[in-house]
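Could you have a look at this structure, given as structure tokens, before my questions?
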Amino acid sequence: MTDDHKNDKTFGEAVWIGAGNMGLPMAKNLLASGIRLGVHNRSKNRLTPLLEAGALEITDLPGSLSATPLVFTMLADDAAVGEMVSKSGGILERLSRGGVHVSMGTLSPAFVEKLTGMHRERGQVLVSAPVFGRPDRARAGTLTIVAAGPSETVDAVLPLLERMGSTVFRVGEDPALANHVKILGNFTLGGLLETLAESLSFARRVGVSPDQLVEILDTALYRSPVFRNYGQMMAREEFQPAGFRMRLGLKDVRLALAEADRVEVPLPLADLLHAGYLAGIHRGYEDWDWAALGRVRAEDAGVAERSLPVRTRTED
Amino acid sequence: MTDDHKNDKTFGEAVWIGAGNMGLPMAKNLLASGIRLGVHNRSKNRLTPLLEAGALEITDLPGSLSATPLVFTMLADDAAVGEMVSKSGGILERLSRGGVHVSMGTLSPAFVEKLTGMHRERGQVLVSAPVFGRPDRARAGTLTIVAAGPSETVDAVLPLLERMGSTVFRVGEDPALANHVKILGNFTLGGLLETLAESLSFARRVGVSPDQLVEILDTALYRSPVFRNYGQMMAREEFQPAGFRMRLGLKDVRLALAEADRVEVPLPLADLLHAGYLAGIHRGYEDWDWAALGRVRAEDAGVAERSLPVRTRTED
Amino acid sequence: MTDDHKNDKTFGEAVWIGAGNMGLPMAKNLLASGIRLGVHNRSKNRLTPLLEAGALEITDLPGSLSATPLVFTMLADDAAVGEMVSKSGGILERLSRGGVHVSMGTLSPAFVEKLTGMHRERGQVLVSAPVFGRPDRARAGTLTIVAAGPSETVDAVLPLLERMGSTVFRVGEDPALANHVKILGNFTLGGLLETLAESLSFARRVGVSPDQLVEILDTALYRSPVFRNYGQMMAREEFQPAGFRMRLGLKDVRLALAEADRVEVPLPLADLLHAGYLAGIHRGYEDWDWAALGRVRAEDAGVAERSLPVRTRTED
Amino acid sequence: MTDDHKNDKTFGEAVWIGAGNMGLPMAKNLLASGIRLGVHNRSKNRLTPLLEAGALEITDLPGSLSATPLVFTMLADDAAVGEMVSKSGGILERLSRGGVHVSMGTLSPAFVEKLTGMHRERGQVLVSAPVFGRPDRARAGTLTIVAAGPSETVDAVLPLLERMGSTVFRVGEDPALANHVKILGNFTLGGLLETLAESLSFARRVGVSPDQLVEILDTALYRSPVFRNYGQMMAREEFQPAGFRMRLGLKDVRLALAEADRVEVPLPLADLLHAGYLAGIHRGYEDWDWAALGRVRAEDAGVAERSLPVRTRTED
């Protein structure tokens, strides 16, 4: 193994860190490429399906990181990645010069900028490759992946990313660009939720069937599964179990607002979402699907079907 | 011809009023059904293509209205319909008892409620049937039509509506319901524009390609021609010539806000749109496509490419 | 009595219409000037205190209107004034050419513009003179009055207005200007309420005493009785009985929004107020003081002390 | 000098750090109490007026900090205080156990919470005592001071605070409470600016004199110097030189939004201010008075008197 993997055109081995609802099926698809894959997860028992599919259990993470040219992380947030990167025996300390870190989680661009610099100082290379899609698409290998990083490094990992996603977009050399795209994607979904929430409250109020409204508008205008799915969920008030919890929706809009503030872009619609999720959380919808924004707006329009339990200060 | 057309299952003749960009191709498709169609338009010269296609020119509108069981109007706004209905020799005065008025324009629900009562008092029947789609879809006969009115009357006109649209939705017995759906549809498009406007401003600011962002999000999430079309238009700043002028966007959001206020539903997103269009109009974008909301947000984010001419008070 | 009262420097007699909570004390102060005052009110029994103070009961309103050069109206809204002006035997029909109508209610500028034209056509003169102040200041004769109308007519009525208010501002020749000022004044109070509502919710949340916050900020910054009064009312949640009902607050912000829309001025803060009052009304605060906007914001911040009864659709 | 100054009822000596526009006059007033005051400032030349008034120049800051029971800081922001507290030879390292740090700057509550814990660990005591008032009031000794900290420590420093301010409010034992009050005070001023900005734009549009509007509303409703001063500044568009720069207004609203988000309180009015200041900064008003928010709203209402230079991306 040379000191510089940048020119490798293919990777025969890698370390995978993170076996959550997304990471597990993604790693499984990666394995099917024939790559030799060492896997690590905080809870060991989550690894069983991967080991059965041929992955190697990592018993000495620092050692494995030292011995491999490539490490993937699919972790929940900045804090989890920061810990894995910076801890003693972690990625920064152990990955070789020229080694590649492909981070696939939804992280803040500000953190990814910092991470980029930290890896660069150690002669390592960061590729940021967050994904769009829920666990079902992760299992099917049909995620959309947005990758950014030095061009030849992205070239090198591309065949691996293509095992996990049906489409891989390359958005530039600066890794944080991929995270901007991911954050913007989630923000647009929030915009759709707000639009639906207000429209369906209005519809209920004037006697238009919410379900039919969604069907008509999807037929007449959108022809979009996302529009139809969220529209139906909100029309039918199917907010539990959550596909994506309101608390996570709040986390996402905070990411968007923090970034927007950093670059001094006003986002009035994100402000509306932020206020709406907070109100929803105070009404007890924290663990409901973020589409329960529809319930918040319905209540403010006087068309909700129950009274609101308001959490008082002392309960918090 | 009896005094009551409600039980007629088919109409062999009708009067069509309005030959604008939408009305003309709609009437042409209607003609193809074999119906005997008298046509009227304020500017006679607009009628030529219809006359060539077999329509009959109306020289005595009051007489024609008296002699037919069915009249269609495809007119620009409440005022135009109100004039045609209420004037001396107009629809209200001349249409026979049991006669049917099918109004296909985008009118305010409040006005349609009034119109419903006026017709009812005269023993006439109103069907409201606004349409979704631009002139190209009107020509192709693939509009989506939303119809509301007394059930058997809608039954009777349905075969005619189906000549003009590929899909006809029935939303209830109260004609105004169809207009609520139409207004809500336009409002959701406004929501999409706001979402895109903020996202693309953010993207420009951080160096993400606006055009690529639209492609990625459409691929990853929306798979919607409307999302893609408006997204590209805004990413490329192709605001002229306007498909739908900002001034009309303002008219639509005013309709939504007026109705929402009447039924006491808060619409904070519509408030944002209202403020955004007004700002755009004061910056000189009145006749640009309403997607120029993207320009307004870009300017407020410091990423527009030119200075803003601000109209002063005295110019108004 | 000549045909033209414009050059009269003083009025010795007048008709007063409207004896509500404001109109009654205002008329009483006017009487003290020694003017001969005929008084009219829909409910006769409200007139007793005025008759005891020397007013003349009007038994034939059309006759009295014909015989006097000056009529004051202090009525609730556009509709009430419109009726009194336009009805058979009303002001427009009976007031002599050159007669003066001083309208002191809070009317919409659009209506006042119409009214100005109607009077002008009949050779009559309108002065609009809405007031700031509650009934206590009306009784004390310390209202602030904002007058607009033709200069010499305002000159002529000024001594009478000064019996009712301690300060009279003249804002121009166009009567509607006075109503714009009145609407703007009420809008600024709404802005103060929103500011307090958000600040006090924040304070409650972090453990700052709401009452002390108001005291500190009034001492440090505002030194304003209005700030202190509304601040204390909101800090102490003293929303009943209402000094000014939330339903009326909604009416006022609607006036501001309607005017702003007419002249194409965005008012995002008024939009917030509008949404806030609507939410409050749906939560049952319609008849509470409009400062109960503080309750609405507190609920959305999770610091309200009770659950929210939400009115359902069927109750409306 | 004992190891614990908590029970001292008076302090005869102190160190003062920070001689900016506020710190200098405040220290001067403190000196007049007869206290022995060592003074320190990054730029030595700012200290001259204090030395002339009897202050002692500090040549060895760590030594002085070790020798005194009391240190005041009047520094610009979290970063400046953090540096002075945490650096080698700084307050944390050198102040004796039981020593008191009185921080008088406008800091974030989150930072003050951290600072409180840091001092507590070292057996030191933090009093937070931010001030309301501009340099003129600092010179006159008529600031309003909001103090929070352990009760007996506040007792002990109270006579000193009263040399600098005409009113000292005590808001509790937790130092961060004082900073919450300060932040809320500045937020309410922002609310006043937004209210004025929208009102004056509306007034300009309909032909009401902005200057007269301010005079009328102050007379009729507010009777508040703050209302009148900001109102006049905005009515007359006197935005330069800035009393308080828009860039600082943005900093303040960011503090409020960050705190509000931390405790999950929606602040829609603060969102409006944030968007408004950002738009203003992109239009080139960064160094104008924050009352230039009035210019931003006027431009969006089409009543500004010049065209807008919009800074493009490349200029940033």
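Points worth noting:
Residue numbering begins at 1 within each chain, and the chains themselves are lettered A, B, C and D in the order written.
To be clear about the criterion, contacts are C-beta pairs under 8 Å (C-beta built on N, C-alpha and C of every residue); 3 or more make two chains touch, one makes a residue touch a chain.
Computed from a predicted model, the values in this text were never measured in an experiment.
Listed candidates were B-D, A-B or A-C; the one reproducing the C-D interface, defined as more than half of contact pairs identical by residue number, is A-B. At the interface between subunit A and subunit B, over half of the residue numbers involved are used by both copies, so each side presents largely the same positions. Between the Cα centres of subunit A and subunit C there is a gap of 54 Å. Subunit B and subunit C have centres, each the mean of its CA atoms, that are 40 Å apart. Along subunit A, residues 205, 264-268, 275, 278-279, 281-282, 300-303 each make contact with two or more other chains.
If you check the complex, the residues on subunit B that touch subunit D are 204-205, 275, 278-279, 281-282, 299-313, 316.
Across the complex, subunit C meets subunit B through its residues 254, 261, 264-268, 271, 274-275, 278-279, 281-282. Across the complex, subunit A is touched by residues 109, 132-133, 144, 146, 167, 169, 171-172, 174, 176-177, 180-181, 184-185, 187-189, 191-192, 194-196, 198-199, 201-203, 205-209, 212-213, 215-217, 219-227, 256, 259-260, 263-270, 272, 297, 300-303 of subunit B.
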